[in-house]
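Listed next: structures, encoded as structure tokens.
The following pair of complexes shares a single chain, chain A, combined with chain B in the former and chain C in the latter.
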Partner chain A sequence: MFVALITGLATGALYAAAALTYNVMFSTSKVLSVTTGHISMLGGIFGAWFISTLGWPIPVALVGAMGIGAVFGLLTDFIAIRRVLARSDEHLWLLSTLALATMVQQAAGLWWGTEPKPFPRLIPQDFSAGLGDQKYWLPIVIAILLAMALELFYRRTLYGKLFVAMSEDAFAARARGIPTGRIRSMSYVIAGAMGGLAGFAAGQLTFAYFALGLTLTLNGFIALAVGGLGSNAGALVGGAALGILSAVATYFVGGEYQQTISVGLLMVVLLVKPAGLFGSQSVRPV
Partner chain B sequence: MHLPKKSISILVVLAALIALPWWAGDLYKLHLAALICAYWVLIGGLNLVVGYSGQLSIGHVGLLAIGSYCFAILAGTHGVHPALAIAASGALCALCGLLLGLPSLRLPGFYFAMATLAFALIVTEITLAQGTLTGGGVGLAVPGFAPPFDTPRGTYWLILAIAVLVTWLTWNVARHTWGRGLVAVRDSAVTAQAVGVPVFRAKLTVFVFSGFTAGVAGALFAVLQSYITPDTFVFDLGLFFFVCIIIGGRGHILGPAIGTIVLTALPEMVAPLAKLGNFFYGLLLLAVVLLVPEGIGRVFELLIERFRPRRGESHVVKPDLDRLAKAIEQGRAQ
Partner chain C sequence: MQKLTLARVARLFVLSLAFAATAASAQSTIRIGWLSSLTGPLSSAAIAENQGVQFAVDEINAAGGVNGRKLELVTRDTSGEPTKAVNLAKQLAFVDKVDFIIGPVNSGESLATVPIVAKAGIPNLIIGTIDELVDAQKFPLAFRAINTNKQWIEAANDYALNVLKKKKIAVIGDTSGYGTAASKVAQDLLQKAGVTPVYVALVDPNKTDLTDELNKAKAAGAEVIMPWSAATGLLARLFNTRGDMGWDVPIVGHPAMMAPTVRPLLNKPDYWKNAFAAGYLSTTYDAKGKLPPRTQALMDKIRSKLGKGEIDFMFWWIALGYDTVKLVEHAVKTAGSTDAAAIGKVFENTKEFPGVYATYTWSKENRNGYPDHAIVVNIAGSFKDGSFQAAPR
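Take a look at the complex of A and B:
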């Protein structure tokens, strides 16, 4: 039972990190990108490749994985977001990010192989550590650190305040002389680096697996919708709730119905409180 | 008897399709044609949801799977007559569409897409979990149709007939009040509501209809596959249906039909594309979204407009001189 809880918390932390990535991209562009999970997938795969195949030292590999994530984030903005937002059709960004995510997943599958491959140890530790094993606490620590860093960034730095201004009202921010296009690209780079870091840290839990992206996109989104869109604390709580619930359900019912239960949680929350636990009420349509 | 040009071309295409078994050559091409028709049964219904009412459902493969398993279990395990089993698959999937649509159609765009994606994953999970019913990972063998349709040709003709019927149904929906209302819902739900379109009911109705066609398509698909496992219904297949519609053009019927034919046939004919698979679909989708968001159908329309001389634009002024002269004379006389 305790093992199930810890595993659930660790998986939930990864979902929370994906939800945070969603949040950063959403704050400046109002776009929920389908590529969110794929950023972390790339972080995991490239991290494993850098360390195992190329033999890079771990800190360099970490920076490399975050760099890959950042580049992919920038590419997402460049290819799938910029032109589509300029045309301002409501649904098109969903299609363009979905297309990009599909291409990246297939390319990763062709290059890396469709089998999950093991992720190397990051910190020298005995395998007998049990529940204190790094594969459990690394994602949890990273998710909490990310959320705290984001809060600090939003509250203490000028650029963070620009992000907040854009998320409140992008049009007014532009009128105030904020280069909204550049800030948006920057948010995608930051989100990419965050996703890469999360994927790298959770690599030992998830393995370096090409199909991780879609699962993570879905579950990160569920964590986000449960916690409330735009709220970082909500993302943490939502991720933890989702992870623990599915782990406990797996413990009692069996692993076959994991997806069903997580979606059930989403539906219940959306029916009871459509804005999520920590979210603000949505704007009137007219 | 005078027939308009459009009816003649429709009749010619229909005749060519019915005669396909004689000019297709080998059985594999016939099988491919039947597969395209089975896909079209689903895509035609989905087109009303995605193309007309603008609800981006990427998880219709879940409904397809339910239809296939329903047919396989009823006709295979329990020996129900295939025609009855097809109808049952359609009815069951319409019910599933209703249950899925009731909560999820109230959600905004991205939420809805994610809900349908989750639905597809849930169906896969349940088919794997309920091993006694669905055979689990091992799968199920699917029986063929009843005697007049049990040959490859008969199967093809039956599927073709259903596909034509679905096309006719969706065409009827699309070109009348309903279709206009759905397009209004797609372009601006608020405006549609303001002019009296029952937004939620309209969306739910077409979604349930698309569920029905997905169920029927599932039964046909299962017969063509002749053996189904959960791996037959990967998420990529759902993406494929979706891409066919977007590439063909939203708010058309012919566009998605051409999209279905080309996208099904192309990977079979060109081997390297089959290996790339999803990458190719993603690339196509990205190109279409970035370059022609209205779809390939729109490109053809533009080309036709460009190269065909427009009728009804020359306004030759022919003054009625006699009448004018009379009027002037009358004026002088007074």
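Take a look at the complex of A and C:
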């Protein structure tokens, strides 16, 4: 049972990292991009490729994986978000980001192959460490660090405050001279680097696998909805809750009900507390 | 007026010649529809099968075709998606008007396409393993060239019960349609043999850790772990968990356990030991390290097309793809035409057709062409140059 908790927590940390990535992109664009999980997928397969095939040192490969994520984040904004938001108020970004995510997954499958491939050991450690193995705690540590870094960024930096301003009211921010287009692009670059880092850190847990993206997109969204849209603490708690609940459900009930229970959790939260555990419903005075 | 008439006659003559040429060309080719999941999560087998299919088509055409008619391969990539497979099966049947359909590769896709192809009255060579895909009454022109899932499971059960002499078995399937169905069949067949599994679990194919499942199996007293899943990632995690636990319990199950793509996913190479999987006589080395002559002959012919060095994927996929086209050749040669009813009769009466992957026999009632005796059990970690060593008996 303790094993289920730890493995659930590690998987949940990856979902939490995806939820944090959603948050950063959502803050400036009000878009929930379907490409969120695919950023981490790219971080995983490029990280494995940089280290195992190109022989790059691990720190360089880490920067490379984050760079790939950042570039993909920027491309997401450029290809699937910018024009769609400029031309329509409808939620057409759902389709444009889904299309981009599908294209990226297909391309990754053609290039990388459709079978999972190994992700190298990042820290020298024997495989007999059990629950102390790095594949469990690396994603947990990275998710917590990402949440803390984001809080510092929002509270202590000028750009962070600009993100918050755009999140509150993008029109007012633009009226006050904030270059909202550039800030949005920056948020996608940061989100991309975060997703790449999360995928890299969890590579040993997930293997480098081209079809990982959609799973992370879905479960990251559930974690976000449970924790509360826009809340970094909520993303952590939502991810951990989802991971642990899935693991415990599998332990007691069986794997065939795992997905049902995950989506069931989402339904319950949406019905009981639609804003999520840490979310707040904004009321616009009229 | 006379000039005009002559011009018209000339034009009609030229047009009719062109039409006749087109008709003759259409008549002269035998169109084979090939539903293959060349991209998508299950593409590895399909890509290898495609090499066998393409090689056989080229070989037959280079030798002059079948009864003077060339083969024309119409390949459609289903991406492993049943909905896409249905649309492409309809396209092959009603737009491309093919004479045969091979595939699709995966059972889930085949469940969706087989009734459509049957309704269109086109002979269908089935290469999915689940039992429901063939039925002499409902799908009279569907003939299975691959083994059934039951044949794999019976071979694995026999090895666990009668060779390893173990009765306490843990069955672990994945939550995909295939894994769930295979796990159920495995349990039923064990029950028939008088053995109730001590532990049964279904796990998500992407589950990152199997420690709980193996701890429970161990606590239940399992002496053999029997996985039924084609997900190599899950199977590698099973090996890794068993190895990290230091539990040397035998693993006996699905052929995907032997896939060379499992090897790099293992924490240590030794973790692949004491594991056995259902496989094929055609790709099993004998005591002298030789392959069956027909397998060796195809390997020698095709090796130069597969790149330099040793073959790094399971050769049986190529052999199966190759055989499906050779079966088309056999059917058209024997029937003397591509008439669907005549082709159906030929397959129904086919006895001991010598393929590479197997020797095929069908009958009026039996649409499963793969013989039981050609299923063997291999050592999981013995992959070498596309083939395997037999498990000790």
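Going forward, the second predicted complex is superposed on the first by the 281 of 286 C-alpha atoms of A that agree within 3 Å, B and C clash if a C-alpha of one lies under 4 Å from a C-alpha of the other, contacts with A are read in each partner's own complex, and residues count from 1 in each chain.
Here, contacts are C-beta pairs under 8 Å (C-beta built on N, C-alpha and C of every residue); 3 or more make two chains touch, one makes a residue touch a chain.
Because the structure is a prediction, the values reported are computed rather than measured.
Novice: Check chain A with both chain B and chain C modelled on it and let me know: fit or clash.
Specialist: clash
Novice: After lining up the shared chain so the two structures overlap, which partner does A:R83 touch, if you call chain B first and chain C second: first, second, both or neither?
Specialist: The first partner, chain B, only.
Novice: If you stack the two complexes on chain A, which partner ends up touching A:L98: first (chain B), second (chain C), both, or neither?
Specialist: first
Novice: If you stack the two complexes on chain A, which partner ends up touching A:L110: first (chain B), second (chain C), both, or neither?
Specialist: Both: A:L110 reaches chain B and chain C.
Novice: Using the touch definition from the top, say if A:P118 reaches chain B (first), chain C (second), both or neither.
Specialist: It touches chain C, and chain B stays clear.
Novice: Once the structures are superposed on A, label A:T157 by its partner contacts, choosing first (chain B), second (chain C), both or neither.
Specialist: A:T157 sits against neither chain B nor chain C.
Novice: Figure out whether A:Y251 sits in contact with chain B (first) or chain C (second), or with both, or with neither.
Specialist: A:Y251 contacts chain C only, not chain B.
Novice: Take the contacts of chain A with chain B and those with chain C, and give the residues found in both.
Specialist: 106, 110, 254, 256, 258-259
Novice: Within their complex, state which residues of chain B touch chain A.
Specialist: 54, 56, 58, 103, 107, 109-111, 113-115, 117-119, 121-122, 125-126, 128-129, 189-190, 235, 239, 246, 276-279, 281-283, 285-286, 289-290, 293
Novice: In the complex, go through chain A and note every residue touching chain B.
Specialist: So the residues of chain A touching chain B come out as 32, 79-80, 83-84, 87, 89-92, 94-96, 98-103, 105-107, 110, 214, 218, 221-222, 225, 254, 256-260, 262-263, 266-267, 270-271, 285-286.
Novice: Across the complex, what residues on chain C touch chain A?
Specialist: Contacts found on chain C: 39-44, 174-175, 180, 201-204, 206-209, 211-212, 215, 232-233, 236, 240, 243-244, 246, 259, 261, 264-265, 267-268.
Novice: Sort out for me which residues of chain A touch chain C in the complex.
Specialist: It is residues 1, 3-4, 7, 10-11, 106, 109-110, 113-118, 127-128, 130, 135, 205-207, 209, 211-212, 215, 247, 250-251, 254-256, 258-259 of chain A that touch chain C.
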